[in-house]
Amino acid sequence: MSEMWINMGPQHPMTHGLWNLRVRLDGELIKDVDPEVGYLHRGIEKISEDRHYNEVITLMDRCCYVAGFAWEHLYTIAAERALHITPPERAEYLRVLSDEFQRIASHLMWYAAFVQDIGLMSPFLYGMRDRDLILDLYQSYTGARMTYEYFRVGGVRSDLPPGFTDQARKVLDWLTPRFNEYDQLCLGSDIFHKRCDNLGVLKANDCVTHGVTGPMIRSAGLKRDLRKDRPYSVYRQLDFDVALADSADVTGRYLVRMEEMRQSVRILRQVVDWLDHHPGPVIAEELPRWLGAPYAPVGKEGYLLKRHYPKGVGFSAVEEPHGEAQAYVVNEGGEHPYRVKFRSPVFANISAARQYMVGYRVADIPPIMGSVDVCVGEVDR
Amino acid sequence: MSTVTLYSVSYDIASLILHILGFIIPPANAALTNGNVITGLAVLVFGVILLAASMLNTILLIWWERKLLGRIMDRRGAMHVGYAGLLQNFADGFKLFRKTTVQPREADALGFFSGPTAYMVTSFLLFGILPISSGWNSGILPLSLLLALAIFSFAPLFIFVSAWSSNNKYSLMGGMRSAAQMIAYEVPLLLAVVAVVIVAGSFDLTTIVYEQQNYWFWGPLFVALIVFVAGMLAEMERIPFDLPEAEAELVEGWNTEYGGMLFAFFMLADYLRALVGSILVVLLFLGGWTMPSWVPSAATSFPLAGIFWFMVKTYIVFGLFVWVRASLPRVRTDQLLRVGWNRMIPLSLLSVFLAALLVTVKCVWPFGCIPSAGT
Amino acid sequence: MGGLTMAAPAVSTAKASAPVETSLPPELPMAGEPAVPFVEIEALRAQQFIPAAKEALGALLAEQGQSKLIRPVFNWAGRNSLFPLHWGLACCAIEFASAFGARWDAERFGVVPRSSPRQCDLMIVNGTVTWKVAHKLVTLYEQMPEPKWVIAMGNCATGGGPFRTAYSVVPGVDKLVPVDVYIAGCPPRPEAMLDGILRLEQLIRDRKE
Amino acid sequence: MEAEELSRALAPALGDRLTAVEPFPGTAGRVRFRPDGALDVFRRIHELGFTHLSTVGGIDWVDHREVFYVAWSDALKQYVFLSTDLPADSPHIESATSVWPSADWHERETWEFVGITFDHHPDLRHLLMPDGYAFHPLLRSFKLHEPEELEVKVRHV
């Protein structure tokens, strides 16, 4: 059979979202790939220029819908730097709590999708089942399962409900043995190793050259985690290890993500203990009224204060479940940001697709792309 | 009548119908109650019963798979339609019957329509051959096993024809994978069957079952059983060997372009083949409708006990296939073919050798002695 | 220069129906004309016969479709076995997947996602529809065989949601395809999605289609 | 590495192509440079160990446009922020893809949204918007819909 181009997407079970992988095939062998994105481009960066600083957080949840908290955190750090606001410490812990639960939830979602890609049917249900427990926790303090709008520029919206920490500990106790079960289902199977070992290999220096970050670069043995390298929020106070693997293949990425979930559980236990013993305010008190300080009605007169606020730019980078996300917020003194720019890790990871896909077979496309963990929302923004 | 057989039941029904007709239309009484006419109608009734029974069983099998999968996955499966979702598959079938059948503009009409139809018809044909219980078969066919496997191996042709004529790249790749896979696994499958035939000394399925009165073949012919089950999984295109329908990369595989009734044909034929596969495992290795001697005779001698135990065994075997489906990932084409040619064929040759050994030594310790029949 | 000037892509909401061959076959040769090979005559006859047979069959089926016995059965079957198209647009797709998870298990209602539009009855538009994907959405809709339904899941599919003012977003999927059920929420919870499907079942039952 | 250190490392090699090095929170510093010497700056930064280009972006300041780059060094564990101003009438700059291959998609996106042309880019075509989209949406002159203007006319065929 001669070579042919096939379109895998935008509606294809492999894509887990709305994008298109154009593949040139020789029989079953991949000769070339050309990812095509933008089917979910909603112009978040443009709309943000038309929104108040806190309203942008609404868009952040929808930007990456499996890791909404990570993106809220990313944006709030940048906006706080641009507006010269410092959040209270308890708010920082609450953010880390949300972030790390989000990391587990996002990785569980990835697990559910990834095992389907290699044809395992039941773990999809197990991953979704355990993810729902975390979403229940979210619901108890934010009121939503996926789109939280919980962070604020200058802190978080509200404190935890009573009894939350006990509930969180219960969930963590439930999750810890589950990870071993997942491993048994995947790593315990010879077919899994036959399918995933030495597949989608992208060595460390290629990762650096092509801007790949996150579990992909850590699976290549490069110890790169912004939570350790440039600790933001309160990660400096927390004790955890960076998950590493050295095989640079799909199995390596699997191992890294599994270990990250275990490390997140470890972080969360510390955070939950801290939250038990350190009550305090959860939002900065010196906020301007137009930014929605607590108990201050936002009215027309509130907006007048905007002129008293200094100009500034804010740059932030956080370790999102998919990799390294960055935000750049330009504050020109108005109540809207002048320009917001986001760097999505998956955007860069997909753009390097040619490097880790050519030469494999068509049946390898789903596991490889599954191991990249594509979230189209943040690719297209 | 002392024993109830499928043919006797259909003969009774046919004769009843014709006698009632003759009573209603007195002038035609003599012509209608003629023995030849009754026999002719009996054959028709026989066919209808077979068709209905296999269809019902297939639909029940789909239900059984859905519920079992649901339980393994921590959920319930179909619950809403009928008791515990028993009517769900009937709803699916009627719905698909009503749907428009869309023929893609570039598709080849002849292949597009005849492929699924032929696939389903050949799958139905198998039920005329397989004995369900003693007397419940379509008569003594000395080579029924061979015939069953021959019809079973028609499928790649029809799948490939329908995939090719869909004019869809995914369908085409699915069809080619399907053909390659079925041909690769045909050989070990047949060799595993040869092992059974050597021990049983016959190609007739009924005889093979009778040969298992003393002990079932799964013990002494364990290697053959493994090869046969693996080959059957590949022939039935179920996980871990469901590459032609690999949903992750090939959308719906070779039936991507099929909707409506033609898609229903495919689904039905797939499960018919799954049913036949389970039945063959039961017939060849698990003693068919016989039960071991330690089972109390009350459990094996009630009316239609043979059919009952046979169906129980078949559904358990199919349940094992479902269990495999729920817990294993899918393999890749090249790995599948390599395993097929490099591992399965030597294994099946080994099983043939073991069978020959068994026939020579006659007795195997935990299982007992093979009967003198077969010589 | 502004977003408004962007021309809406040419899309169709018309029901996809195969063009029916209405042109009459060529006249059969009259007596006295040069002899035509037998095969050719047979072919011409067949050409004439097939449309007639199709028409008769269609009339028969339509009559059956009106029958008091058959229609309720088909209605029951159609509403109890809704196969949605397996695709994910945006956030709602995650809740769509959750609804098939262990806790909600949409398969209880006979809802099984299929990847090929040919085998689907129901398109659940689960997320923001952009102009870039609009014509693909319409193509998928037209590839689905009749009878088919559309559920607009979430605020984005209903009316653009938070991205309503954006330059690249279709403000509501009902601009592209006819929508039967709208589900509010951003994103709707899985219960809301199941409720939407049950409401669609109710709709089909009431319409007696 | 702080801004002064960065300045000392860069200034001798780059000369007047370097305009300023300022402190910038979250990074080693903000390096301002003249657009005509862009490639030299990229190479020098790459030599300093900033081998990972994170992102490229642009800002429309109405009278001029700014293009910025963020790079990361694994040895220093730090970001560096590069930025330069381009004239609004013909904003173009040398592509960074020869130094950092990862700039490919980021530059395509920047071209698409802010209208900055990257010379010698291997494949400068639409990425997120459909082919043939005529506008650069992130320019200040591009206005969003007003909600009441949203009655989009769909042509029924």
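Here the chain labels run A, B, C and D in written order, and each chain numbers its own residues starting at 1.
By definition in this document, contacts are C-beta pairs under 8 Å (C-beta built on N, C-alpha and C of every residue); 3 or more make two chains touch, one makes a residue touch a chain.
Everything numeric here is computed off the predicted structure, so don't read it as measured data.
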Label of the chain whose CA centroid is most distant from the centroid of chain D: B
Distance from chain C to chain B - Cα centre to Cα centre, in angstrom: 35
Computed distance of Cα centres, chain B from chain A, in Å: 48
Gap in Å, rounded to a whole number, between the CA centres of chain D and chain A: 24
Chain D, residues touching no fewer than two other chains: 129-130, 137, 142, 144
Multi-chain contact sites of chain A, meaning residues that touch two or more partners: 12-13, 38, 41, 43, 46-47, 50, 124-126, 129
Sites on chain B at which at least two other chains make contact: 73-75, 247, 251
Touching pairs among all chains present in the structure: A-B, A-C, A-D, B-C, C-D
Interface residues, chain A side, partner chain C - complex: 10-13, 16-18, 38-44, 46-47, 50, 58-59, 61-62, 65-66, 109, 112, 124-126, 128-129, 131-132, 145-147, 376-377
In the complex, chain C residues that touch chain A: 85-91, 93-95, 97-98, 100-103, 115, 117, 127-128, 130, 132-133, 136, 140, 162-163, 165-169, 186-187, 189
Interface residues, chain C side, partner chain D - complex: 1-4, 6, 8, 10-14, 131-132, 160, 164-168, 170-171, 175-176
Parts of chain B lying in touch with chain C, wherever the complex brings them together: 66, 70, 73-81, 85, 87-88, 90-95, 97-102, 247, 251-252, 255-260, 263
Chain A partner contacts - residues on chain B that touch it in the complex: 69, 72-75, 169-170, 173, 239-240, 242-243, 246-249, 251, 325-335
